[in-house]
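When the chains are written out, they are named A, B, C and D in that same order, and each has its own residue count from 1.
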Amino acid sequence: PAYVDEFNARIDAGGFIEPKDWMPEAYRKTLVRQISQHAHSEIVGMLPEGNWITRAPTLKRKAILLAKVQDEGGHGLYLYAACETLGVSRDDLTEALLSGRAKYSSIFNYPTLNWADIGVIGWLVDGAAIMNQIPLCKCSYGPYARAMVRICKEESFHQRQGYDALLQMMKGTKEQREMVQDAVNRWWWPSIMMFGPHDKDSVHVDSMRWGIKRISNDDLRQKFVDATVKQAEVLGVTLPDPALKWNEARGHYDFGAIDWDEFWSVVKGNGQCNVDRLAARRKAWEDGAWVREAAMAFSAKQAARKLAA
Amino acid sequence: MATNQEHTEYVLRIGDNALILGQRLSEWCGHAPVLEEDMALANMALDLIGQARMLLTRAGALEGEGRDEDRLAFLRTEGHYRNLTLCELPNHDFARTKVRNYLFSTFQVLLLSRLVGSTDAELAAIAGKSLKEARYHQQHSGDWVIRLGDGTEESHRRTQEALDYLWPYTAEFFAPAPGEDAIAAAGIGPAWHELEQSWEAQVHPLMVEATLTVPPRTPFKSYGKFGRHSEHMGHLLATMQYMQRTYPDTQW
Amino acid sequence: PAYVDEFNARIDAGGFIEPKDWMPEAYRKTLVRQISQHAHSEIVGMLPEGNWITRAPTLKRKAILLAKVQDEGGHGLYLYAACETLGVSRDDLTEALLSGRAKYSSIFNYPTLNWADIGVIGWLVDGAAIMNQIPLCKCSYGPYARAMVRICKEESFHQRQGYDALLQMMKGTKEQREMVQDAVNRWWWPSIMMFGPHDKDSVHVDSMRWGIKRISNDDLRQKFVDATVKQAEVLGVTLPDPALKWNEARGHYDFGAIDWDEFWSVVKGNGQCNVDRLAARRKAWEDGAWVREAAMAFSAKQAARKLAA
Amino acid sequence: MATNQEHTEYVLRIGDNALILGQRLSEWCGHAPVLEEDMALANMALDLIGQARMLLTRAGALEGEGRDEDRLAFLRTEGHYRNLTLCELPNHDFARTKVRNYLFSTFQVLLLSRLVGSTDAELAAIAGKSLKEARYHQQHSGDWVIRLGDGTEESHRRTQEALDYLWPYTAEFFAPAPGEDAIAAAGIGPAWHELEQSWEAQVHPLMVEATLTVPPRTPFKSYGKFGRHSEHMGHLLATMQYMQRTYPDTQW
């Protein structure tokens, strides 16, 4: 029918779909799944970094980290709001997260073990996230695209701050350099895995067709590797992949085989922190139930008072 | 005339309040009842850490022994911190966190309002920058105290318990501290007992609105601002100082 | 009647009253009050010292402190058992403590603020306790007297360990000596107050008549001061009382006026830790309810199984 | 032949288990559900700290760099601790505490039973002294697991949750560690995977008696004994190391 054609034409022309426009149910579902997963990742992602706020080594670093984690909460908010334009409430999304039905980025199931992890998360994890997200700024769903513009801007700032923190540490003591190298060793492969399965194993062809996803996993991953190798050199750290080397013919860096068993194992709940992360979010939610109830009860009272007045 | 040491300690008291309460609030990050509060609490922690940085820097300059904000924040032993005991108490639940924020920020607004006219121009400038933040903390936490106090039966009970628990520690706000009169005479800042009446005049009506009962004053005394803290302080410091103690003389 | 005379004769002859013996109700009540208060003090007393177990500076000191706190739990057990011979259950006594009806020694409402506090509690607080308790080893109620014999022996050991820890610290750095002096400054007066009000203000005359209390508060306090002044000199610390000086005529040390306002204020609940101490005990009790219920349920099942077998 | 370093690390792994679990158990002091358990938990913490002292002293002697029990206990950075991750996890509730103690002490009894015949005579002597304690821990915690598992509905739920939470961490007990084969060949002690069958053979029947379901093995891996810990470890160390970090080179 006409509205299907209109939808397809808009997509093909690179235009935006807005909340009030007609859209296929599968498009809506795909978006809800992807945007909420992204929102949950922001929220769960507050935990590994939050783990170091109380132990940040200087007040300046503490302030930077607090601001960063606060930004992540803000990203979560925009993204939940974008989801709500698709007719799903934030509470429903939260329940899906807490029950384990909804996913979040597996990267946050790795622990933050030393202070350099904070810098490395900024550099590698936020760096990989940005690679993934920049194409989303032009994705076909308007509210999501606009949220991503703002998020990408802030993430770039975080990435630079993370990298700067590492530069400072690499100029410091032997122990600091060891911390950075240790953190890089632990975060490199998980960061590479953030781009998801190889294109040949990827199941989200619809996302491409609908203009939600615009560049393939492998292309993004290659782009990330190419950019990161140089940054690692400047930093003076070794990326933990002996197969990593420049391929003149391809004009790209080759890199070693990814351990997909580990990837799927973490996705399926067997990462080091899956249980603790969800438990922390559940505890926050359950401990806070009385607060949310109180806020609602008070609003109702206020409304009743206004009516009576 | 106020001595340099009295002046330093006066500024330290204000800076340590911000530092230690900022540290406590930052513990909430990722664990708040709603996402908006995760952000609000992180934001207030950030404000307080920012204030602490300016105030400790100023205190270090006054002291003249080359201690910067980080040496002061991380490398003093417990007895040298000058924060109010109230600021170091564990967060406990959301009610206690919000009631504390309200009691403290109301005090802070009054204090900063006076400090903007300080003869210590740097202190005045810091107060000027901090006042807006403190006002926001007061507004935000006051709204929550009302909402929780006048919310459900459970929220009322928890908020009343929070007030009962915290109230005795507020006497310390106004306890005379050494050198305060000289500080006041020099126009650096008020002796804190000068703020008591205005503080009570603001707190009581809000508690009435929140349907809460302000407990009577008791002889309970706490001594954090004199360097004698509660048992909670040592644990807070063990965490906060960990990196600086483990890796001395290191730049981050 | 005859049994009253027999009771009085036994007391006057310095003999022991045993659980099965007749005793005046007031005697029984006084004992329950005093023994349970003592038991509660042992239990609450685990908290200020427990506060430092996780931060003890060496493994040896950690072990000593753990053993000491464990002994205190043991003292609590003997004393509750002695109370139970008077027909009161441990659960009832616990409820009395948690509801605030029963008292415990006010000394445990002061905080432990530095590591030297652990040594000073051993030296001064246990020292004062021993002074108070040695006469109780000959008190008229048999089970209490026997419990006190064992407790006094262990307390003397604790006192010596505490004093040794302080000696070691006083031989150490300036910071260590300052810690010790700071701790002494904070604990001296509260220790002096542990002997209770002056005899002229003391209300427990019956305890004397019944052979429960055998030496007056003021006499015990004087004995403690006399013994402690010399130990302080050996240690090299200053007791925070400018009025403290040898009185040749009395053959005792004179000392300054005790701040009874503070004493009563702490007794009445306004000490620095009254609220936190009771809250900690209440939380332990409430959090542990399911464990106690499970243990009872399992016992009942076991008994039923045995019966059925 | 086992190298000196392999031998040192082997002893460190055993010593750090005792140290870190002892530290965790000591947190219960004054907060247990019944007085008898306050004492039992303190007693077990004391046993473990005692074992840690002997084992770290032995490890320090093997290492030959002059580090005594306290330097090893308090002045290593996180990545140099070799304890099983299981030992550093927070106590959480009484059920998790008891299930952990059972899972760990059952392992420890098997290990110490083998170490009493070690070619390292000092290690053998330490194992001889520690074995009785470990047997008591196993008996005591096993009794509690049964009591809680087969107690009330709530205690069953909590105990099953504890087992579900802790079980994945037990895989680490038996994961091959570098140099273990050489250690075994030298008769110093078993490679820990040798103990797996006996451990499973003891644990499963007890869980059945406790009416609990042992979860299936998953690919979950933890790496504490290789020096890669959980996020909980850093917080434990911040507290435990506080005095030694704050006052370096001081005798206590």
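To be clear about the criterion, contacts are C-beta pairs under 8 Å (C-beta built on N, C-alpha and C of every residue); 3 or more make two chains touch, one makes a residue touch a chain.
Predicted, not measured: the structure shown is a model, and the values here were computed from it.
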**Fill in**
Greatest Cα-centre separation from subunit A belongs to chain C
**Fill in**
Set C-D beside B-C; more C-beta pairs touch across C-D
**Request:** With chain centres taken as the means of their Cα atoms, state the distance from subunit B to subunit C in Å.
**Result:** 36
**Complete:** Rounded to the nearest Å, the gap separating the Cα centres of subunit B and subunit D is 41
**Complete:** Here the gap between subunit A and subunit C, centre to centre from mean Cα coordinates and rounded to Å, is 57
**Request:** Quick one: which residues in subunit B touch 2 or more of the other chains?
**Result:** 77, 234, 238-239, 242
**Request:** For subunit C, jot down the residues that touch at least 2 other chains.
**Result:** 55, 175
**Prompt:** Line, ring, star, complete or other: which describes how these chains touch one another?
**Reply:** other
**Message:** With touch defined as at the top, which chains are paired up in contact here?
**Reply:** A-B, A-D, B-C, B-D, C-D
**Complete:** In the complex, subunit A touches subunit B at residues 43, 46-47, 50, 53-63, 66-67, 69-70, 73-74, 76-77, 80, 115, 165, 168-169, 171-173, 175-176, 280, 283-285, 287-295, 297-298, 301
**Item:** subunit C residues touching subunit B - in the complex, by the definition given at the top
**Value:** 48, 51, 55, 111-114, 175, 182, 186, 261, 265, 269-273, 275-276
**Request:** Spell out the part of subunit B that touches subunit A in their complex, as residue ranges.
**Result:** 19, 23, 26-27, 29-39, 42-43, 45-46, 49-50, 52-53, 56, 69-70, 73-74, 93-94, 146-148, 150-152, 154-155, 158, 239-240, 242-244, 247, 250-252
**Asked** Inside the complex, what are the residues of subunit D that reach subunit A?
**Response** 77-79, 165, 168, 218-222, 228-231, 233-234, 238
**Message:** Touching residues of subunit D toward subunit B in the complex: what are they?
**Reply:** 77, 234-235, 237-239, 241-242, 245-246
